[in-house]
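Remarks on the structure that follows.
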Amino acid sequence: MKDRTKYLAYPYVLWIIVFIALPAFLVLLYSITSKESNGLTTIHFTLENFKKFFQPMYLNILWDSIYLAAISTVICLILGYPAALIISNTHVSNRNTLLFLCILPMWMNMLLRTYAWMTILGNNGILNNIFAFLGLPRFNMLYTRGATVMGMVYNFIPFMILPIYTALSKMDKSLLEAADDLGADKKTVFKKVILPLSMPGVISGIIMVFMPAVSTFIIPQLLGGNKNMMIGNLVEKLFILNGDWNFGSAISIVMMLIILLSMSIMNKFDIDKEGGARLW
Amino acid sequence: MDNAIIQLNNITKKFDGEIVLDDINLSVKENEFVTLLGPSGCGKTTTLRIIGGFETPDEGVVYFDGHLINSIPPFKRQLNTVFQKYALFPHLNVFENIAFGLRIKKMDENTISGKVEKMLELFNLKNYGKRRIDQLSGGQQQRIAIARALVNEPKVLLLDEPLGALDLKLRKEMQHELKAMQKQLGITFIYVTHDQEEALTMSDTIVVMNEGIIQQMGTPIDIYNEPENAFVADFIGESNILDGVMIDDYLVEFLGKRFECLDSGYGRGEEVDVVIRPEDLDLTPVGEGKLEGIVRSVTFKGVHYEMNIDAKGFEFLVHSTDMAPVGTTVGLTLTPDDIHIMFKGV
Amino acid sequence: MKDRTKYLAYPYVLWIIVFIALPAFLVLLYSITSKESNGLTTIHFTLENFKKFFQPMYLNILWDSIYLAAISTVICLILGYPAALIISNTHVSNRNTLLFLCILPMWMNMLLRTYAWMTILGNNGILNNIFAFLGLPRFNMLYTRGATVMGMVYNFIPFMILPIYTALSKMDKSLLEAADDLGADKKTVFKKVILPLSMPGVISGIIMVFMPAVSTFIIPQLLGGNKNMMIGNLVEKLFILNGDWNFGSAISIVMMLIILLSMSIMNKFDIDKEGGARLW
Amino acid sequence: MDNAIIQLNNITKKFDGEIVLDDINLSVKENEFVTLLGPSGCGKTTTLRIIGGFETPDEGVVYFDGHLINSIPPFKRQLNTVFQKYALFPHLNVFENIAFGLRIKKMDENTISGKVEKMLELFNLKNYGKRRIDQLSGGQQQRIAIARALVNEPKVLLLDEPLGALDLKLRKEMQHELKAMQKQLGITFIYVTHDQEEALTMSDTIVVMNEGIIQQMGTPIDIYNEPENAFVADFIGESNILDGVMIDDYLVEFLGKRFECLDSGYGRGEEVDVVIRPEDLDLTPVGEGKLEGIVRSVTFKGVHYEMNIDAKGFEFLVHSTDMAPVGTTVGLTLTPDDIHIMFKGV
């Protein structure tokens, strides 16, 4: 596929990149221009939008978003790693069934999945009904920060399980035998071989959970109520209610920089540079 | 069997209902170099894995130094394994790979460092401690794998075709290195291979296996010179295997002629396998040999010529420093000690 | 990791499956009960919700959703395959940059990406301004079916490129040399070797684009206007506006069955059962 | 070079600035079995890939049947390749793999079917047509790879270590099969290997390469018996290589003794490499041999014993059917034709 094809290939790649990257470029453009800009003729460049963001109110929202996303990511890791480990140790015939069950809910409308949790957590929801049935007091679970975290964990945990599972299932089983042979009991084998070798999967998982979690707006809106606004909600509000596209774009650019930064830090811990267990 | 360090009694193992090992009895003495030799699928690796603790036998018992170890997991067994594809830890450097077992024993840093450096020196890898595993050649990886096992000072070292992935030249070098090391360290080696030359070169005792059964056990010289059946004869070296009939003690008939031989104790008229090594057949002028045949092919092999000589329908493989051109008729001579008589395989 | 761990493992897996699958189960439950059911005590089973769905109005929406999603998937394949091929043939050093550019927009808020397209396609948007500048007539591109399809292609094309790229980059290059050696010119090598061997990636890509496309609600809402309702919009409307959770759930179950069915059909074409190029 | 089918003139090739092939000249006659032999990294595979069209030489020209083919792509060259790891198409069954080249030539179904079936028969794979590739053993895959190339009736078949992945027994069988096939079909074979035994067994001509340079070219007998330098001598068979000084024509001194030899034309006092094959040294009682040494190790090798004998600091490798126990002192004799004199390598 060299020679002749090459000359056709580059314009094509250029075009597809423009198609994919153009909206991103527009967002960037919006973020550094003022509201007064209009059309192609009158563009006012400004850093006002970014300055505006560095106010305590907005920084608090940013901090809160990162905090909730980080907590959700940690919980996903704590719950997802053992799940991935167990699935990878299951006999092949059952393994696919377990994986299938893990990703099953992903095929359902995200809205719907989240609504389902509302009926579980609500004041008159299933859990409270069970508590009542057991003689326990009902208490409010919906519209709390906890509900938001739970919703995020629920929605994003498959993205943690899958890359870790991939990393684990690709691991050469003879390495475990070698460690066993060299005197390592099961705990030590896990600590010294399984865990370090699955790190690329863990890092993939962390990125793939943290990224959508930090910018989600549906989950905090539905499960968290209006009490805790996350950055995604702020962006939505600015766009739809205020029509302030420039400020909204600036916030998104900041978020993207934060994500890029955390990814590049993560990548430093990634031993398997050749893309071992990365889903992408 | 007083000083047996490893003893297998009546070991049977099935995978998915198929018998892989069928009533294996094996005893390995201290400081012995034992080789399990056989074609792929003969059960040699399974035997090794049972000794290592990676497989549990369905029936039979395994003793280590007199203690029953059937249910002891690998990490508690005082033996170490060199795996077929090395199984080096890709996330650790050379030093940490070798130090792995020592760190688990929680030795102090100085002891570990001393022992690992000694190993690196022993294997001519002195400045390689900080290298990543994937920066090493196959031969170097192979030596690290052995060093990683030996540094734990096991009583027994198990080796599963450790030289299989190396090329010819390196393989020969490593054979000598391994044998020398085994003698020097005084450790028992149990070695699995399908390469009969490797087995002959290194072993004190060779265990020839086929289809889950031990075919013969003995010193290289025993196995080579007195194979117990045609399978062993053929596997341990190239052989001509003919159908013969015992006429009497010390007299066998094949290819329509009678030959004196050194074997007795067979029934008169019993059908036997007659095994003749290619290097034992000598070329003579026509008429002088008891057999004669037409040369079908000649191949120069360096030390000798390899010829296919068609004698009344049986094509003899002959190794000789003499050469006769293709198409000529030659005589073949045999002395009685060149003829090996064996019971027919079932 | 056998023996002792096993006894701990199974309850854990059970628990995590309940956590993941419970909401799905709830949706199923809603879909087969009537509105009058309340709490745990009074449940009325019914197939009314499913029957309701099989009315021309709703079936039209379903058909339209599948049609638009299918068109978007085909366009993604047509654009994405050459892109994946070109990236996989690029020198390693540039390859990661190209891949990075492909997935860059995925890190941006989806809402934002879609809004960006509104400013490109709108009546007073960038494209129309360019047309005007070139002396061409302005015309309405936003709030059309075309805009919806474009939005979906834009949003989901990375999911087509990535699995195909993975399949292509895993292909043994000596197979191409072998085909070349046996007399195949470049076109034939592509047709007889590259294409068939990348089929697992193509199938993964089709599934990963079609699935979210068929149930999306944000894109048709923003780019398609209210003119063409897709099934995702219908579900959203039923939940939020009408509060008819039972009917909404029934629709989701039907959608899930359709997705499952098409996946199992797809899988029949998947030669590489061992999961070759599947991302999951 | 009138009937040369392949001719390489002054081929030079660099990868990343490193010279891989350095001014290679090679001419292959029709119906010849030529082997490129050398250690890994010697440039043998690159040479083959240049002939196949997968690499372009930086300098030099390639002729095929008298035509310059430097810029002809592989799919237009009338030769076929058997790749090192077979490169069988995993999405096609055995039949379709073999039929691949024929279908591209748009032959009709009957012709294709006839030719493929003939190939399957030739390779003893008659009922395997519908099998998937991954259902085959290594040896079977190997044969399919050869069949897939041969069915196109190429004038030249290129083989890149085709037997490397097979085990010993199978490798020997395939060597004979390949040689027989080459003779029968009358196709030129260019074969790449690092295994000198394979090269000796099959080749009409061996081309020994090292570090991108052709070291020697000749028949197996020439190469083995008259190696041109110590590298060839050592690579083509195990050798004892000693430092010597030519005293006069037909007289060389090494290990402090003078020996008659068959070589002349060296300067008086010129330092040379003296090469002695292990099988050419004979054991004698002490005093009867011109050399004597202490036996350091003895290994039984089946056909012969391998001994390391330390003679005044030089450790001779000796192959002999006689054996002397470790620690004993023995004599060693040499006839003049056992001594091979070579120019010192640079």
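Letters A, B, C and D mark the chains as written, and numbering starts fresh at 1 in each.
Keep in mind that, in the parts below, contacts are C-beta pairs under 8 Å (C-beta built on N, C-alpha and C of every residue); 3 or more make two chains touch, one makes a residue touch a chain.
Here the structure is a predicted model, which means the values were calculated and not measured.
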{"item": "Mean-CA-position distance for chain C and chain B (Å)", "value": "57"}
{"item": "Between chain B and chain D, centroid-to-centroid distance (C-alpha), Å", "value": "26"}
{"item": "Overlap residues in chain B, where contacts from two or more other chains coincide", "value": "none"}
{"item": "Multi-partner residues of chain C (at least 2 other chains)", "value": "none"}
{"item": "Graph class of chain-chain contacts, one of line, ring, star, complete, other", "value": "ring"}
{"item": "Interchain contacts, given as pairs of chains that touch", "value": "A-B, A-C, B-D, C-D"}
{"item": "Interface residues, chain A side, partner chain B - complex", "value": "172, 174-175, 177-185, 188, 192-193, 196-197, 271"}
{"item": "Interfacial residue positions of chain A with respect to chain C in the complex", "value": "1-2, 5, 9, 12-13, 16-17, 19-24, 26-27, 30, 39-40, 79, 82-83, 85-87, 89, 98-99, 101-105, 107-109, 111-113, 115-117, 119-120, 124, 126, 129-130, 133, 154, 157-158, 162, 186, 190, 211, 215, 217, 232, 235-236, 239, 245, 248-249, 252, 255-256, 259-260, 279-280"}
{"item": "Of chain D, residues touching chain B in the complex", "value": "39-40, 167-169, 179, 194-197, 200-201, 220-221, 224, 235-237, 277, 279, 299-303, 306, 319"}
{"item": "Chain B to chain A touching residues, read off their complex", "value": "52-54, 73-76, 80-81, 83-85, 87-91, 100-101, 104-105, 148-149, 152"}
